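Pasting the structures here.
In the two assemblies presented below, subunit A is common to both, partnered first by subunit B and then by subunit C.
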Partner chain A sequence: MRAVANYFRDIVAAIYTITLGLGVTMKCLFSKPVTLQYPDERPEVPDGYRGIHTYEIEKCIACNLCVQICPITCITLAYEGKGKNAVIHQYDIDYTKCLFCHLCCEVCPTDCVHMGKEFDLASYTRAECVIPFAKAAAVQKQE
Partner chain B sequence: MQSYIDALIQNIGILQQVPPLIIYTAAILLGCAVVFGYISVVAMIMIYAERKVAGHMQSRYGPMRVGPHGILQSVADSIKLLLKEDTVPDKAHRFLFKLAPLLVFAGAFVPFAVLPFSEHLVISRMNIGIFYILSLAAIEVIGVIMAGWASGSKWSLYGGMRLAAQMVSYEIPMALAVLTVVAFSGHLGLHEITHAQGKWPWEWFASPLKSPFTAVGFVVFYIAGLASTKRLPFDLPEAESELVAGFHTEYSGMRFAYFFIGEYTAMYVVCAATAVLFLGGWNGPFPGVVNMLGKTFFLLFVMIWLRWTLPRLRIDQVIFVCLKVLLPISLICVIGAALQAVLF
Partner chain C sequence: MQDFLQTEEILVNMGPQHPSTHGVLRLVIRTDGEMVRETYTHIGYLHRCAEKIGENLTYKQFVPYTDRLDYLASINNNLGFCLAVENLAQIEVPERAAYLRVMGAEMNRIASHLVSYGTLGMEAGAFTPFFYGFREREQLVAIIEKMCGARLTYHYARLGGVMRDITPEIARDTREFVRTMEQRWEEYNTLLSFNEIFIKRTANVGIIPRDMAIGYGLTGPCLRGSGVEWDLRKDDPYSLYERFAFTVPYGDGRMGTVGDSWDRYWVRMVEIKESLKIITQVLDGLPEGPIMGKVPRVLKLPVGEAYMRVENPRGELGFYLVSDGGTKPYRLRIRGPSFCNLSIMNALGRECLVADVVMILGSIDVVLGEVDR
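Right after this comes the complex of A and B.
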């Protein structure tokens, strides 16, 4: 008798749980999708996000501290002169190596390197993942 | 249909010069072409709808790139399938391998001969309509076993065997559920079954007010239909996580497209048959075709809805549901419906 009762209870439970599940999916059908149409729509990046760096070349005093503290030496700095008169030729960060640890920004005495909000690093060659910040700044200045 | 052609021959003078055999053959081929066009379009719309509904049920968008809101996605897919290389594995039995998709497609195609779209829009008013649909659905099983065997791959063979077990066992409750309706209509023809039902929902066989036994039979028929069209939660024959793609693992290009269209056409046939048997067919408040297509597409939507809600069952659970739940219930329904039809 108990087995018969269990049999019918199972059938009722199956119908009940299927209805519950159908309700959940129906609710989702009419709610707004949570995904974005990525290249067209960009996600909103929160403050404090550690993306690709931003670099202010006019503040930089070429102290070399960021190069020294970088745990994987992904920063290359080349300069002439010293202190505020320093001329910076090269400030490259290799993003194939960079682990976005934020140490370079913390150690910077003049606060010239920050973590930015850009995250899109897709490129066809490995060389394109090395971003020449000093050259970019020079180009910007010329313009 | 033959009466229409005869009337056409009598009214158009030129046709009287042509031998009737040629005219009938041409009419048959034309009818096939129309049905083929209809089912390809329906399959394309359903594939798009399935992907879109699936997307929104999982809180994403689904296809969005090809055309506005991805509306041309199915067109792009079918062009891709047509242009893909048609490969036959070395270990496959070439003749059976090539024959199998055609058989599966034919099994899904032939029921359109009796499926009514409205009172008069039907190819053949066969007096054994539902029996014809049920018996020809079995061709599909042979095609699938053939595909599984001829592919020369263990995944295909497992898929084919599972499908054979599943489809053959689910045809029993399906046929018994049909019998509940036949007990009331007293006829196997789809027209007579539809005429036994009224215009409004409480006059349909799916309504417990008409008969509680046919109402349960409706659920049994629909679940068995889900299983025989290999839809989730019964899609064991092509369970991706276990069998790659089941019986059509080795197929590509156009031959895969045959399986794909065949599957969606079989879904359409099951839903249309359910609409005719239990939901009053073309009866309803709107013009006949609108009622019929509305009911069919609603049932198709429920199939998609169920697919994206339920997880896949194990094979023993699938057979359990058939032999220990649906079969006894449908037997009780048949007896109850027969008693009700005789006594009341």
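Right after this comes the complex of A and C.
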């Protein structure tokens, strides 16, 4: 007899607590949605976000510090000359490897490499994930 | 009857790509109908040789790797490694940096427990808590994003201090979050904690007695759920934790037996509230000063060894460092709480229902990134 009573007591308790829970969800039903319809709506990225790098080639002195500090060696730097006279031929960052740890930006003595707000990394090939910053800067200069 | 029916036990693979396994964990379950006779855990699908990588990198370079151990509690991991190195190198951390580290670690603890709350609810069949947990987590992650620029792998605690100082805007947002979270906490309990069906699914399921918990080397909410009062933040304080007032929750068998799944779940829920208290205290008493100590550009540690342990959301995370005087550690060993906590799975997952295995695993709350390392 007691087992039967417990059985029905459990059912009543379950229905009661579910109703309480539904009360919480009902409250949210009439409030503003918190989700973003992502590809159409872009999230607001705060300042200091660690996204894809930006590189100022004219400031770079080819000191190689960013290449050395990188934990995963994803930066390739090729140059001629030294210091302010250095000519940078290649500054590639491989985003299939990059940890976005910000160490390269912190170690830079001339503050020429920063992390930007761009976070969209999807691409069709692996080669597209390697961004040639020096080449892009050269193209920009020509234009 | 049994001879007539010719029943036999069946081995069932749960995982490595099962939604209830919290990552790439494979459980081999010997089932007799709906009853589980034995559970075997198979790990190693996410092994990345983190310790060996650490031995080939300088101390500064390894800090971002610690983010990827328990990826739900990156700041806690950073903190553990940084403290180990700082201990050995005798680097002094400014007071403000220590406070900010505590704040970051507690925010990360809440974020981690919110994931645990959501996923445990989902494993019990309730989808709503998952969304609710992630709604608040999003608010928190947005604040941490302003603090350090990342959303998951924070790399916030650095050798000698922290990455960036907080702005008045971050402080304001954090206070607002604390206020919101206190209200939401009550809602969470109405939604899940005291739901009769959830209680029936978790109470008296996967009971870990006190001695067994200690014997298996459990730490964190799993240990405290069994009624053992052991929290490194109280018992072996680090990073100025002794200055903050908070209580350590532990399981008391409120809904069933001491050490059941509900107790472990409840310890996490109460910890969220305690972490909110710590965050408020940090913001109230944040001292002025630098956020970075003096760290040499080329960091060479003296010959010796150091072991540092911190209280992660999942338990005791330890870093054992041996230095031979060079720029890289001679040996690095990581004691992951999830790995030790998972070892009890074989003992708990027997003579129970298949659905209980899911609840037990959910209540232990492992992160496979740390189990496999």
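Just so we're on the same page, the second predicted complex is superposed on the first by the 127 of 143 C-alpha atoms of A that agree within 3 Å, B and C clash if a C-alpha of one lies under 4 Å from a C-alpha of the other, contacts with A are read in each partner's own complex, and residues count from 1 in each chain.
One rule holds in what follows: a contact is a pair of C-beta atoms (placed from the backbone, for glycine too) under 8 Å apart; a residue touches a chain by one contact, two chains touch by 3 or more.
What you see is a predicted model, and the numbers here were worked out from it, not measured in a lab.
Taking subunit B and subunit C in turn and counting the residues of subunit A each one touches, the greater count comes from C.
With both structures placed on the common chain, the touch criterion links A:Y79 to neither subunit B nor subunit C. In the superposition on chain A, contact is made by A:M26 with subunit B only, not with subunit C. Of the two partner chains placed around the shared chain by superposition, subunit B and subunit C are both touched by A:I18. In the superposed model, A:F100 makes contact with subunit C only, not with subunit B.
Contacts of A:Q37 after superposition: subunit B is touched, whereas subunit C is not reached.
Touched by subunit B in one complex and by subunit C in the other are residues 18, 21, 24-25, 34 of subunit A. Per the touch definition, subunit C reaches subunit A in the complex via residues 57, 60-65, 128, 135, 138, 142, 145-146, 148-150, 153, 155, 163-164, 187, 190-192, 194-197, 200. Residues of subunit A touching subunit B in their complex: 11, 18, 21-22, 24-26, 28-31, 33-35, 37.
Taken together, the subunit B residues at the contact with subunit A in this complex read 53, 55-61, 64, 305-306, 308-310, 325.
Contact residues of subunit A toward subunit C in the complex are 10, 13-14, 16-18, 20-21, 23-25, 34, 46-50, 69-71, 99-103, 115.
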